[in-house]
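A single structure is presented below for examination.
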Amino acid sequence: MRELKLMKGNEAIAEAAIRYGVDGYFGYPITPQSEVMETLMAMRPWETTGMVVLQAESEVASINMLYGGAGSGKRVMTSSSSPGISLMQEGISYIAGAELPCVIVNVVRGGPGLGTIQPSQSDYFQAVKGGGHGDYKLIVLAPSSVQEMVDFVGLAFDLAFKYRNPAMILSDGVIGQMMEKVEFDEYKPRWTREEIIAKNPWAATGKPPTRERNIITSLHLQAVDQEKQNIKLQAKYKEIQEKEVRYETYLCDDAEYLIVAFGSSARISKKSVEIAREKGIKVGLLRPITLFPFPYKEIGAYTDQVKGILTVEMNAGQMVEDVRLAVEGKVKVEHYGRMGGMISSPDEVENALEELIIGG
Amino acid sequence: MIDIKDIVKPENLVFKKSRVLTDNPMHYCPGCSHGVVHNLIAEIIEEMDIQDNVIGVAPVGCSVLAYNYIDIDWHEAAHGRAPALATGIKRLMPEKFVFTYQGDGDLAAIGTAETIHACNRGENITIVFINNGIYGMTGGQMAPTTLEGMVASTCPSGREHARDGYPIKITELLAQLPGTCYVTRQAVHTAGSVRKTKKALRKAFENQTRNRGTSIVEVVSTCNSGWKMSPVKANDWMVENMFPFYPLGDLKDE
Amino acid sequence: MKEEIIIAGFGGQGVLSMGKILAYSGVMQGMEVSWMPSYGPEMRGGTANVTVILSDEPISSPILHEFDTAIILNQQSMDKFEKAVKPGGTLIYDGNGITHHPSRKDINIYRVDATAEAVKMRSVKTFNMIVLGAYLKLKNIVDMENVLKGLKKSLPERHHHLIPMNEKAILRGGEIIQEISVVE
Amino acid sequence: MGKVRGAIVVDTERCKGCGLCVVACPTDTIVLADEVNGKGYHYAKMGNPEACNGCTNCAMVCPDSCITVYRLKPEKSK
Amino acid sequence: MRELKLMKGNEAIAEAAIRYGVDGYFGYPITPQSEVMETLMAMRPWETTGMVVLQAESEVASINMLYGGAGSGKRVMTSSSSPGISLMQEGISYIAGAELPCVIVNVVRGGPGLGTIQPSQSDYFQAVKGGGHGDYKLIVLAPSSVQEMVDFVGLAFDLAFKYRNPAMILSDGVIGQMMEKVEFDEYKPRWTREEIIAKNPWAATGKPPTRERNIITSLHLQAVDQEKQNIKLQAKYKEIQEKEVRYETYLCDDAEYLIVAFGSSARISKKSVEIAREKGIKVGLLRPITLFPFPYKEIGAYTDQVKGILTVEMNAGQMVEDVRLAVEGKVKVEHYGRMGGMISSPDEVENALEELIIGG
Amino acid sequence: MIDIKDIVKPENLVFKKSRVLTDNPMHYCPGCSHGVVHNLIAEIIEEMDIQDNVIGVAPVGCSVLAYNYIDIDWHEAAHGRAPALATGIKRLMPEKFVFTYQGDGDLAAIGTAETIHACNRGENITIVFINNGIYGMTGGQMAPTTLEGMVASTCPSGREHARDGYPIKITELLAQLPGTCYVTRQAVHTAGSVRKTKKALRKAFENQTRNRGTSIVEVVSTCNSGWKMSPVKANDWMVENMFPFYPLGDLKDE
Amino acid sequence: MGKVRGAIVVDTERCKGCGLCVVACPTDTIVLADEVNGKGYHYAKMGNPEACNGCTNCAMVCPDSCITVYRLKPEKSK
Amino acid sequence: MKEEIIIAGFGGQGVLSMGKILAYSGVMQGMEVSWMPSYGPEMRGGTANVTVILSDEPISSPILHEFDTAIILNQQSMDKFEKAVKPGGTLIYDGNGITHHPSRKDINIYRVDATAEAVKMRSVKTFNMIVLGAYLKLKNIVDMENVLKGLKKSLPERHHHLIPMNEKAILRGGEIIQEISVVE
């Protein structure tokens, strides 16, 4: 039986990590996500599952501890919020270049700079286009409930290991701080040493006489080797784009208009859809769950059906570019968003739909 | 007279390249100290019989390609972050021998925080620190350990402390952290010093079985390319100029 | 059934935990719930508030701009949230420190002098339970049995001996709530 | 009892002609060749083979592990 | 008279900085741009113009020295290459949030991770979409010659101060390492203290009794204040988008096809255009000089004229998204690029044009 | 009897809030040491008459809002980077007084490298270091200076060095760098200690006129919120527990 | 010569009732009020005004600069 | 007029500075020039090469895949660049250390034993000037006067006393170049 609790997103993701058999967490405090590490430290998983929890001296250190840990073939995770994630960009690029699986949680707050600690979605570009240098992609999952904070821990690790690619859970202050009912699976045992070696033959676990040495690296001094690596990476990203798109629709079947929104904006937009429907406006909600891979095709398919699309984001308009790329000018696409920690009300969104899309 | 042929026989072998070294020719400049230290590490791994149980972490610097030479599992690190990687690795696999192999730019400039905090936590790892007083890989820029007056491409008329700061004795600082258990400064310019460095490295690796904290072996080294001297001249210059400022010997052995 | 509540006061008045107990009570009753605090502001002191939603159906937005009920525990919160009560909704407040009393005519207003009562009861820490009791008396959305279960779930094991005291406070709250003005 | 005799074998293709072995040799056994190897380096070789006592100093300081050292045990030497 | 020299891009940008009256340079060595600081150190401008040159302990320190220096109302500059620029993302976001002018040079190399030191353009997304957190924009200039390395120093500073916004010169290993003829202007004097205070009344230069204290900050604890700041920033970006687009065209008047390329890819593509023209293919080249603001409208205007657009980039396809956003599906847009330090030949590009656009 | 009215007269004034402090009420928790140190800095600025000539750098931490209280030009810094900002400012405006105001998380964790290298370069700045053994702003997590056994939200059963590392005496390390000229550790829990701290701060600011290198004033402080004690209790706890580990006094005065 | 007399004026609205002045006062002059100020704090006040000698200790330790201190020069005191 | 040249050899043979002098000579002659080195590879030793373009018109791409002339100074470079000479183009090489001599029939091949000559002239450092002299003899694209100006411009002031020696080496290069096979 699944266990029912009332929990904050940040607490839930911590407990989910322990239950999923994560091997290590490395992090540094920052609002609005400090409860992740606090919960782990309070639960003392090193006494139960054997999970390691360590407070690093900075986010730069955290991400590089993750880099080391991931190279061991173990399940490792960090969490932070926007400024801390910016500090991790070099490390993230290395991890992506070395093709290591790991999970990075960003509980986004408003920027730029020190900004505010209130919720935001303004790190979309950073997460999906690559905030670090070089051509790489993270697998990006956007939870919109505390339950998904829990469920996506497992999903993120599964995808990360399947593709040997870092995965990011792009959450925000709303999901991190709110409490909801949440159900947990039973504890899963951590992988044994033998399982790790069997599943991750590439891992640097000590070179036995039976194999060549394993080298975890992102370095390819010669351009021709680097290009080969880039081609390999791009092929992988293409495969992910083809196979791993996840999204959810709500009242889209007869929709004449579409709202596209992720994470907590999608929750708010759901209510806006209800308000609009009450007014007789046929609008549906498409919620991308994976931000990379983005549901380009799936959104593109609606261009025959709908007359306009509104993206709702807590930022100045970021995902809207991907939606525009998806529809290729076939229908009107507009963006509505509050910024800097302000959160739209469902009514505002509904108004925006009427003004920008239906009326506009 | 004895013929060379009579001497060069398997039974008379007294020194050969460690089997833990690969056959790849090293990319280092002629006379570079990195090669000597690589050999020593390989020998120790061979002698301790831990080839299947050791993980090296090499950050950017001339020795980032160490993985081509020492035949063990390796992990590249971003510039300055080897101690953080090693922390991640060792915490998750405490049964492995984990070492970092860092240059002076790496350990004492960009990686200052990671190095100090790994040592302060007493991570049970070995840090091999190649202090050649310069940024070798990028072509000879000033390092944090560049001596006053010493010329580098970013202090072409010699380091001046008013502009460039002082050379930093980072090893002395690390020795004061309660997390470190063994901190020593060695060199590899003579056979005698090579022997001492080997002993030091062996102790630094063995300490991991005793979980005593962090062990650090600094090797005062030459970078004849960066210094723009012949390898032989570079050794002399090191003895004359580096050793007085970075005196050899144990700083801590607990 | 759906009830959207804001509880607002000083940090330290137990606003968040009151909301949590209420939310947990809802869970015990088999409802959908959400609890969303004002967090931060990475600085000390100041006000705190929490939005709690109890509903029979899945909750879309945990963040609201108007509420069925506002429970208001200081003047700053009164200034901010009196106007956020839906017409016909309910406002409950503790008179302590309130200089501008609520004046809306289109909402139901109740007062519970929990601060004073807590002092009387010599247990300042149950202040928020008195307020909760007042609310529960008014809005009968969760059964007492489930409130006690919620209380138990939200208190760490080591504080379970405090449950009887809290129960008493909840009941007391129900007794001392006063109607100020009610819209028919 | 005869003097200890040694000999070195240099992997001349690996050798980079750095000269560190030359300086390290206590018996002045080693010289750099006039010729260059495939990489253009004047490689090390025994210039004075009789002098070598197999002390391994040269091998220890060689950064490129080019030197293998042999030593004839004194009792075996004639 | 302008002075003529033969110089590497990296050397030229250093000399240009001194001549333009830059006040401070803070940097950390990394290939392929270390010559910038090396040239400055060799030229000892502190003895002539009074410019400060300092080797920082890391790129994190460099960008934060820049943050401090920029807050003084002075002209400050740093340079690095891809991994180093990733480390600067937090600082860049702060500088953008605090609305400070400064110039950041990225001499891009191939990534991700340590990658290769060979030239690349794979940091386009990072530069234009925001590698750091929060909604912000850099003004991004892409030189395609050594002369432009020189000229854009002045342009970048002028735009940076005009809009109180960090500007980036997005170069690459080709432009940084190649030597070309280059002409320099006369030395300009550095701003005097009085000029600085007059031009930059916001600068933190010490509070006289005559004004309120100046506070350089990106912090807005309250969401409503942060949103105001974000709205202000977005208005500024919009103004920049409207007023500051710069681009160059080559043989576009009668073009039936268009190549869009920036930086060194544009140089190569120019030759490809010539090759194609020799074959009778009517192709033109549009070279965006400002990457933000991107010439959306200007490219969009060609959709009536051309049958297809090829973007040529030394990456896996980044700017191509902006070109697609510009044309809104009206004409076919494809990407051609080598990666990881490999550089297309003009013939390859010309072939790609025939295959992907004309034939495809 | 003298009436209060007779005493409270302008001519009898012996202490009032510095005019370099604004009238904004401080956001700090009741009893927070930050406020006391703010007052002292304001007083010194007033007494040295440098209000128009001083620039403060406040990184993230409870005191990032210091700019609301001390009426001078300020610069916010990213977490840990104040010494880098101050370097940029001071190098470009050597005639200004430049100081950083950093917490222990800031100075001794994320900002370790920037702090050590600014000091090692001997930047002619003043560093005010508020060591309250905890991350105040983010709600009481373990800091690098948290004592062993001390409880924080990320070491809820007390700091254990095997997991969390040792409390770091960063000031002792900084005192050893040739770039620092004055390094002292003070407190502000009694009127006497406040007087001493003020003297120390004054010297640390005055040193900038002599271009002697970096001056550092550590103030061992309380964070009663993070420590979960009353302000009065927190002072006692500090005296009993912090002072033995972080003994007050000058570490260097050259 | 009479005893030195002092007095303090507390900005009661700024005061956060931390009590540090109470402890710092050598003459036990200060107490926290039973009433609270607008922010809900039991502010500091002179409980025993005669005791104050104007030593300024309280003001120096006050984190919120709430205290102004006056002292009557002894020669002026009667 | 346009000449696209690659000069390739060991690091340390003065490949880059030979290219720079050639390019500077072009500048002095009023031509457009570009000079693009193989840089890095953030590691020591290895080969070095530089592409120099001299042209009457603006240069589009500084990076080429085939060349009018290849000047080749070691075997590795021979393996890499012999095939990159345009048909009808020119290959000049130093025979020292070359084990596989160039064999193409569609290009003009010349040999200049500059290593040997430099040893003879007792000035190893002028090796690259000998090679340059050989090239200039063959391809008369810049006047000697401008070459000397270029030399002066590219040498730091303190090395100007070396100019006469370098000039001698350039002239000597012109004398010792040998034709191996020439396409008519």
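Letters A, B, C, D, E, F, G and H mark the chains as written, and numbering starts fresh at 1 in each.
We adopt the following convention: a residue touches a chain if its C-beta (ideal position, glycine included) is under 8 Å from a C-beta of that chain, and two chains touch if they have at least 3 such contacts.
Computed from a predicted structure; not experimentally measured.
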| item | value |
| --- | --- |
| Contact-graph distance - origin chain F, target chain G | 1 |
| Two chains sharing the most contacts, counting C-beta pairs only | A-E |
| Taking each chain's C-alpha mean as its centre, the one farthest from chain A | D |
| Cα-centroid distance, chain A relative to chain E, in whole angstrom | 29 |
| Chain A-chain F separation of Cα centroids, rounded to whole Å | 39 |
| Cα-centroid distance, chain C relative to chain E, in whole angstrom | 54 |
| Distance from chain D to chain B - Cα centre to Cα centre, in angstrom | 25 |
| Shared-contact residues (touching 2 or more other chains) in chain C | 40-43 |
| Residue list for chain D, restricted to those that touch at least two other chains | none |
| Chain B: positions in contact with at least two other chains | 28-30, 32, 64-65, 76, 78, 109-110, 112-113, 117, 138, 144, 164 |
| For the chain B and chain E complex, residues of the former touching the latter | 60, 64, 76, 78-80, 105, 109-110, 112, 135, 138-139, 141-142, 144, 153-157, 163-164 |
| Contact set on chain C toward chain G in their complex | 10, 74, 97 |
| Chain F to chain G touching residues, read off their complex | 1-2, 4, 6-9, 12-18, 21, 25-26, 28-36, 39, 188-191, 194-195, 230-232, 235 |
| Chain B partner contacts - residues on chain D that touch it in the complex | 5-7, 9, 13-14, 16-20, 22-24, 41, 46, 49-50, 54-57, 59-65, 67-73, 77-78 |
| In the complex, chain F residues that touch chain B | 109-113, 116-117, 120-122, 144, 161-162, 164-166, 168, 172-173, 176-179 |
